[in-house]
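Same chain, two partners: chain A is paired with chain B first, then with chain C.
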Partner chain A sequence: MVKGLIDSKRLWPVLGIFVILLILPPLHAPRFYIYILSLMFVTSLLAMSLNLTVGYGGMFQFHHCAFYGVGAYTFALMLTKTSLPMWVGFIAGPIAAAVVGLLIGWFCVRLTQLYFGMLQISLGSLIWAIVFRWYNFTGGDDGIHGIPRPSILSSSNNTYYFILLVLVICLAALYTIVKSPFGATLQAIRDNPQRCEAVGINVRRHQLIAIVIATFFAGIAGDLFVVLERSVFPDLLFWTLSLEIFIMCLLGGWFTFAGPMLGAAIIVALRTFVGKYTEYWTLILGVILILLIFFLPEGVMGYLLRISKSASQRISGRSQVDAASRGHA
Partner chain B sequence: MLQVEAMHKSFGDFAAVYGANLNVERGELVAVIGPNGAGKTTLFNLITGQLRPDKGKIVFKGEEISGLPPYEICKRGIGRSFQIVNIFPRLTVFENVQVAVLSQQRKSSNLFSPAQNLAVEETNRILESVGLSHKAGSIAGSLSHGDQKVLEIAIALGNEPELLILDEPTAGMSPEETTATMELIKQLAEEQGLTILFCEHDMEMVFDIAQSIMVMHHGQTLIQGKPEEVRENKEVQEAYLGLDAAQPNGGEVDA
Partner chain C sequence: MLGQGFSFAALSSQFLVGLSRAMILFVVCAGLSFVLGVLRVPNVAHGALYMIGAFSAYSISTLFGNSSTGFWLTLILAPLVVALVSLIAERVLFCHLYQREHLMLLLFTFALSLILGDLVKLVWGATYRSVLAPAVLRGSIFILGSPFPRYNLFLLTVGPLVAAGLWFFTNKTKMGKIARAAAVDREMVGALGINVSWVFAAAFVIGCYLAGLGGALVAPTVSVTLGMDHTIIIEAFLIVTIGGLGNIWGALVGSLIFGVTQALGVLFWPQFAIVFPYAAVVIVLLLRPRGLLKSVW
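Right after this comes the complex of A and B.
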């Protein structure tokens, strides 16, 4: 169960039903809820991309939102400062994020654990500082607002569908990567980097590729944010947001594939609905986090999977386990 | 096949390996013996690149490999197991070996095909040859210590090494498990023609199966020769039975 979502045979139907359910709401729900759902999708993608390095790679990717911000700003600047078609900017966003990921990652993978995390926070904060101060180019602390978007995306329903479509494609890609030899090797590195070197794996290079992939997807999430909000601001790169998405991974279950998505949905919902009543919604987040550490160390998704697994074992007994091990062999 | 010449390695003031020499011919089963703290594990770590030598030369298949990173040395054909269990505890037994096989097949960076369909045959063959097939689906961390040590060897075999280095393959095993593992090592050497370099504390076993024995003492090579030569050597008898028998294990760097 540590190994990801339920096996793939059961995953696809579940995912299918889920997607169909998500296609329906715009027909009935008020615009506010459509917006919240869209925001959940964007944040989900961001959290899932982080989890590739944190949950699967065991790396202390402490400043992931720096890459999210780079993606968003690149896309926003391409839309406002150039007359290139939208799709060029849409591709440029994640590429810029991945290039920055490569540069920062190149230094980070040379350090271990906490030092990796500290260096990333410093380098990421540097990018934040540049964005924050460079008024002529990035708009400084005001950010950029009223970014034009193509008429096809002007209605909130269409934006919703567009974001959902991109999310589903990205999830399929991430799932494929996690289940590929690359993903298997990445998890082996997380468990035991020394042993990996001894079986002929270039650990640093492998980790660096994982960072580049994760930052690429963070860049796509940045793109989607621009599509949804039509604005960018320096808070997108501020370290508190990185902490928040880190918590999403922990809350949802960082050893599961879909966990971070659930964590993102919970946090966005909390921020929206609790934030309406009190500006101290982070207080509630803090309490939840403390309860989480004591009662659900594997996160919500990890807990649900454990329950469902032990239930199905009670029903089908040993045969299930045997079949599972045969299926593997 | 493998020549180690005048190898030196110090940790601070402590000279763990101080003038070690070793020669391994293709197809041989070579043992390194010596009291605790003699520098056996340090020597192995130097050969496979976990440590960088201060001085000395390591030549494998005519090529100098000293100072290369571990993964480069592995790619040149040296596989190894570790004295202290060093596996992937959260992965299944199958996946533990598969990681090594995928690396051997240069597929570790493949992003798009499902891993569960790759390297399956090879992995199963290795698990069968070491007798772990029936546990393929178990999480490695839940195995008994003896099985984990066998899995150590299986992971090393995943790289199809030409030279297999085993660091105390039977450490912590029950007598039955030890016998079974020694049988396995003999079988790997005889049936698959693997060249094996190992170190071991059970002298009876060592003299029984090794074709060549190197004796280390205080980081130095006392002698390397056939089992009979080693048995009759005065210095070796002294190292094991003489003054040093009373010496405490201070300076143990085997871990």
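Right after this comes the complex of A and C.
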């Protein structure tokens, strides 16, 4: 409880400054940077939604971008194939993703750990295979390009602000969920599923709800991708992207709220600027990942938190026992 | 193919094509499953190693001027190249991570697959390569009136040979028995004074050797190119899942299901042929979420 208060006390001003800083750039920065920042927002949301199941839920959500792709494709198809207003499609995207998440999750939560992950990879790959081949409907491996967007979102500045607004709303929602009793239960399940079962918590139902929420937000990220790129393609649902989001979470820090966001921003920035100089970007990504696994397994954010905690601990002179329990968490 | 309709000849020939595809899948998946059983890590780099096997096969067979001897040497040497690569990766990096949680091991193999994939691009470039089958195995023979590639016939004999070899290894050799024991209870194996780290290394290298062998075997039937790692690894994951994680015979059953549904799918509905094997996997998993055969875990 106390910890939560401290967290939120610290978090809100920081978040406020952050948002104000992010409102400024379009006034000065060139369009390319606006685009990169927008891409960071979209990827951040995707990574944070994954973290709800992986970091907080402890589930092996191996094929998260399948839901991202379902959201993006639903939105794109609604925009191109129907004449419904944009907001209908924008809502339909995440709902479709959540429904698919419910279906897949319903089977996955029956299993644990690696079986969970493997089953999800197979079911997600089935969606990918269908999207990849259904030329008449999804455009097959070409995808759909030149998706119309409403005139209000036509300039890159407006797109930027729109994506930022949606991101901030989603972050607030995710933060509320994580700090709610449901979020606490989810973390308890992650740390000790047997014990939670024993005290009468319906483990599977909690996990399933977490999956549905996470896939819903992944669907919103898919929506935002369409708004930004005005195109969709099957690579959005390919399993390599899923593992790449995993890397983002790992890089930022699993057990921290803002970590995945940081990780996503770093990876997008690196890919953009390193990718300019070399065509061997994945090689560099692989090396980064290995360095992370060996030297920084708790991620950048986890590392910073540990440092700041041990610093404040030294000041307040707390007991060793406390430190040990925190180290365990 | 469609002109013949669904005649019995077309069906049986396509069935045989599926079986020969299944043999390659089996060789690759047996390796993946073996590593999964002993180390409990789904080796994401398995696909990249398979690709290295195929590209090495190209280089070695070019070195021998595409001669028949060159091809047979390829089958011996290309998997050894892959085994060497995996041995280096295991001893230099991977072996330090065995105490860590599963997810880290999995992400490590993913990192390895990213690095190896780009190294292939660095060494062999992004062009399409092809490997010639030896003269004996070129052309087709006629089975029930429809042509059937001789090379596929060769694959149909190699698959059972590999299966027999694996059976012999896991059941009749000391090394294989230790590996099986380590899969079931690694603490006990360690307590008996066996160096578990080296057992893991050996299992990893043997598994990767099979990936290389699969790559070398597949090389004459497809165009060897970047990206073949991504397709095979996802197929291999699905196959070992429906077979039962870590069960080599499950990998065989899974490969047969996958290969045959894929081939028959091409016959019945070419546009959605890719969906058939995935759908088969989903059906199996819905009925038996833990796979058809008993998992070693």
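In this section, the second predicted complex is superposed on the first by the 307 of 329 C-alpha atoms of A that agree within 3 Å, B and C clash if a C-alpha of one lies under 4 Å from a C-alpha of the other, contacts with A are read in each partner's own complex, and residues count from 1 in each chain.
We take it that a contact is a pair of C-beta atoms (placed from the backbone, for glycine too) under 8 Å apart; a residue touches a chain by one contact, two chains touch by 3 or more.
Small disclaimer: the values here were computed from a predicted structure and weren't measured.
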> In the superposed arrangement, does A:184 touch chain B (first), chain C (second), both or neither?
Replying inline: first
>> Between chain B and chain C, whom does A:157 touch in the aligned arrangement: first, second, both, or neither?
In response: neither
>> In the overlaid three-chain picture, which partner chain does A:192 touch, first (chain B) or second (chain C), both, or neither?
In response: first
> Which partner does A:202 contact after superposing on A: first (chain B), second (chain C), both, neither?
Replying inline: first
>> Applying the document's definition of touch, where does A:80 land relative to chain B and chain C: first, second, both, or neither?
In response: neither
> Overlap of the chain B and chain C footprints on chain A, residue-wise?
Replying inline: none
>> Please output the residues of chain A touching chain C within their complex, sorted ascending.
In response: 60, 107, 110-111, 113-115, 117-119, 121-123, 125-126, 129-130, 132-135, 238-240, 243, 246-247, 250, 279-280, 282-283, 285-287, 289-290, 293-294, 297
> Can you list the residues on chain C that touch chain A in the complex?
Replying inline: 40, 42, 44, 93, 96-97, 100, 102-104, 107-108, 110-115, 117-119, 121-122, 230, 234, 237-238, 240-242, 245, 271-272, 274-275, 278-279, 281-282, 285-286, 289-290
>> Which stretch or stretches of chain B touch chain A in the complex?
In response: 48-50, 69-71, 74-75, 79-80, 82, 86-92, 94-96, 98-100, 102-104, 107-116, 118, 124, 133, 136-139, 155-156, 158-159
> Okay, in this complex, where on chain A does chain B touch?
Replying inline: 2-3, 8, 176-177, 179-185, 187-188, 191-192, 194-203, 206, 209, 213, 321, 324-329
